[in-house]
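We just call them A, B, C and D in the order they show up, numbering each chain from 1.
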Amino acid sequence: MSPRIGVITFPGTLDDVDACRAVTYSGAEAVSLWHGDADLRGVDAVIVPGGFSYGDYLRCGAIARFAPVMGSVVEAAGRGMPVLGICNGFQILCEAGLLPGALVRNEKLHFVCRDQWLRVENTTSAWSTRYEPGAEILVPLKSGEGGYVADEATLDELEGEGRVVFRYVDGNPNGSRRDIAGIRSADGRVLGLMPHPEHAIDALTGPSDDGLGVFYSALDALADAPAPVG
Amino acid sequence: MAAPDVDTPALDTTAHAERTPELTQPYRELGLADDEYVRIREILGRRPTDAELAMYSVMWSEHCSYKSSKRHLAYFGETTTPEMKAKMLAGIGENAGVVDIGDGWAVTFKVESHNHPSYVEPYQGAATGVGGIVRDILAMGARPLAVADPLRFGPAEAPDTRRVLPGVVAGVAGYGNCLGLPNVGGEVVFDESYAGNPLVNALCVGAMRTEDLHLAHASGTGNKIILFGARTGLDGIGGVSVLASETFSGDESGGGRKKLPSVQVGDPFAEKVLIECCLELFDKRLVVGIQDLGGAGLSCATSELAAAGDGGMRVDLDRVPLRAEGMTPAEILSSESQERMCAVVRPSDVDDFMAVCRKWDVLATEIGEVTDGDTLVVRWNGETVVDVPPRTVAHQGPVYDRPFARPKEQDTIEADTPDRLARPSTPDELRETVLRMVASPELASREWVTQQYDRYVRGNTVLAQPSDSGVVRVDENTGRGVAVATDCNSRFVRLDPYEGTRLALAEAYRNVATSGAMPVAVTNCLNFGSPHDPGVMWQFERAVHGLADGCAELGVPVTGGNVSFYNQTGEQAILPTPVVGVLGVLDDVRRRIPTGIGAEAGESLLLLGETRDEFGGSAWARVAHGHLGGTPPTPDLARERLLAEILVAASRDGLVSAAHDLSDGGLAQAAVEMALIGQCGARVVLDPDADPFVQLFSESAGRALVAVPRSEELRFTEMCSARGLPWRKTGVVDPGAGALHIQDVGDFGLDELRAAWEGTLPALFES
Amino acid sequence: MARVVVDVMPKPEILDPQGQAVAGALGRLGFQGVGGVRQGKHFELEVDDDVDDDTLARIAEGFLANPVIEEWTVRRVER
Amino acid sequence: MARVVVDVMPKPEILDPQGQAVAGALGRLGFQGVGGVRQGKHFELEVDDDVDDDTLARIAEGFLANPVIEEWTVRRVER
């Protein structure tokens, strides 16, 4: 049986359809999860997709992190379930404390939608094993508040532990500290990134299909070490 | 000034109106003419109540009633043949036109203007413009698929443009991105005439299964009227606030309401949720009829729903959830609060309807029902404040035959041809002109604007900026999709409104075809100055005829549109700007034609069409000489049709690997863009027997530059020759070169070109 | 140098979706007793002592706020 | 009911591009004498009188501000 990967929809979520499509392309089963429902429906991994949950009012991700489903996600992540936060999902995971740091308004103050080169810096997380270390991939970036910030000690720790998974190359699009595009949790099961791998699964509708590796990686991780049922 | 009325109760009911026929009413402040007010009294057989007056005044405004344009717009209907109508499921008169695109899919699209609010408050004006057009599409029962934003501003270097443009762009981005609708096209045009009156037009395209078409009507006695979405506040009630003042003299010190700004603030999150909520309601077949609330708010929604149905309607206005205290019935009827919809629902479905709204956290309130009479009755705490025949509000507004006449100065402009302008001739001059054109605000890359727009969301965007048209996939299984483009070179329209409008149509049509799509339908947004100016009315009349005649020649129907008058600063009208939107169909979006060269190993560049010495209204005349005069290029719509058929056929057979239409800036601009977008060099060879300047910069219509894989060159050129389309081999793609070489002009390094093309807008608008 | 604070708020009759979202979330989070919330912008300016109130008003009215939809207050803060 | 104002500002060590853009624009517009500008958020809450300072602090710290990047102040306003 193919693994089941949940994709959360909050009010204001936009890229849930895309995340589901990417999951399906990679050969897993996409399962829709609803923000107001704490039940994870027995999924093996969870994606918190992009968009503007609750309009991104107050602060990106600030309201969504309190949704009932997020309580279950935090708990499941604690048990080692792979969790991927893309864009708004990354912001939510930071607000929820699953990942350190925060995302702030782009340095140039406006929304940026562009095809962005990334370097894969670490291939040990549940969502990046399919890449060659140092590989460069082309993935859409589209966000207004994508600048990654954390204090120096945290940044040093992330670097030191190999937890910077993706870094911007060919120009920093938003002022992120140390060109950070994506980071992982200490146990490698939780990944958050601003660019959108789910929009790079087919050269017809994206700049490349480089993003598929993220989803294949999760399938490998689940095959190697299935998330414990809770 | 009105005498204080001793008999004034708190509420102006119909009964009170009967009793006080002589009461002075501020109809002029509300924008109604004397004879219009007289007509309202005749229709009702008494004076209108405050609430009725508010309704008639907004619905009989130019914006809602098309009173100056109706006469002329009828020409669209007269020129649409049954053959052109064959694929139209809904046309002019509905919220948006709908066309059958095959495989059981219907597509709807429309452009609207939000010009004046965007000058006052650029961010919110533009944002709510996007919100409004998306609700129009939603009201047809369609899922909105994509948006586009044709924009026009004052001179690029003007300080006020630095206020207006970034605000408008941020507003389009802020609202559209939050809705999750990819932005797939638009325009950015600069001209002095737009300095005090920018044009912010917004287009939305949506799709549905043909059987799901929802037309706005209220039928079925006993069906419930449900208002859902945001609460109703004092937004945009502008003029109507005079009704709430104690005296009608405009004295703001009195106890009445101050005149309120007519700017609305949008809540894109509320609209996103409203969209999902509506789609689920459609899916579960819980609505009989639906109408969006846009300009004129509930006045419009209730009167249009009732007018289109087979019965009457009763509305209890006191049930409307409010956001402000002490709102009067007139204010509630006229409020333009955003993110609201009005549905007609069978009584047995009301519970299910409400459950869906609760799921999405959308406020929904039953405010009335369909009655078996033929009047629209609005009550306030049980008392009748409106009792009108709805058609008189919605459809039987005044119609004017405004005088129109060709202004004499038109001769002067026409006589001032570009022939007198100094032309570059040496290679150095030509080279310098290419670079100067590429870097001009007119022709520079729009990326500073378009990178603020999400073009990827929902994963169906196949082409977007900077390609000739936006292409979105409609059906993921079959690959069926649509292309849209909007265009208008208002300088051409100024020189000749009839031919200029045909050129706008030709360009949008060609842009769609260049992407490999067959054009099937046309929409428009006619932006003009004051209809009281006979010269402006002449431009308008000519433009409508040009568009309608052009559509008949091309065999594509106009399915809808929008008119925006009074675009002027003081007495100075804008350049006449009939923005034309064309929709095309691809049976499989995989065969779309991109713009950038270099995709195949060896490609030849072929120029399709004929180049003449045509510089009236051209980008060169403006950039090099600040000149506008003469006559525009001559359109040849039969040629455009042939060009489109060839491009579509070539896309089907995989004969072309890239294409770009020639428009502003001519061949030089097209070649530069194809090289920069493809990040690939090329060599362009001009015809030694013709003037290089004319070849490089003429804006003759009906042309495209295509890249053809060497292996297909013969097949492609034979097809062109057989069908009578002139073509000329104009060069080769040269991936190794890193430069664009134009024979007898010089080399342009791609880096040099890129810096010129991409540097301009950031230098002007980066804060 | 003096510190000047400019607060810019949506006018009462203007929709404030951000404030509404915050108010709604506070309720869901179980914070009782919070009625309305309105959200605006808070600016802190370091200004030379010779910048007069008139100039500050022009900065607030003409630039920091859009008077069509927003209102503002200026105050000098002791340090 | 009391009115409570919460001001949320980017921490001093966090870059504030919005404030910088405002400062830059003021200079270009010819307003002399404005040094730094920082931009934050201003909330006005209507709260029942029995909501204590502790609750307000939890609202500010746990919700209105993100302590990783922002600092906040709460004050009750006389009416």
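Convention: a residue touches a chain if its C-beta (ideal position, glycine included) is under 8 Å from a C-beta of that chain, and two chains touch if they have at least 3 such contacts.
For clarity, every value in this text was computed on a predicted model and none was experimentally measured.
For chain pairs A-D and A-C, the one joined by more C-beta pairs in contact is A-D.
With centres defined by CA atoms alone, the chain at the far end from chain B is D.
With centres taken as mean Cα positions, chain D sits 30 Å from chain A.
Inter-chain centre distance (chain A to chain B, centres taken as mean C-alpha positions): 36 Å. Rounded to a whole number, the gap between the C-alpha centres of chain B and chain D is 40 angstrom.
Residue positions of chain D touching 2 or more other chains: 21, 25, 63-64. Multi-chain contact residues of chain A (touching two or more other chains): 54-55, 57-58, 108-109. Each of the following residues of chain B touches two or more other chains: 267, 269-270, 767.
In terms of which chains touch, the assembly is arranged so that all chains touch all other chains. Across the interface of their complex, chain A is touched by residues 166, 169-170, 173-174, 177-178, 180, 267-270, 272-273, 360-361, 450-462, 473, 589-590, 766-767 of chain B. Contact residues of chain C toward chain D in the complex are 1, 7-9, 19, 22, 25-26, 29, 31-48, 50-51, 55, 58-59, 63-64. By the touch criterion given at the top, residues 58-59, 62, 94-95, 100-102, 104-109, 147, 149-151, 175 of chain A touch chain D in their complex.
Contacts from chain A toward chain C in the complex involve residues 54-55, 57-58, 63, 66.
For chain C in complex with chain A, the residues that touch the partner chain are 17-18, 21-22, 25, 28-29, 39.
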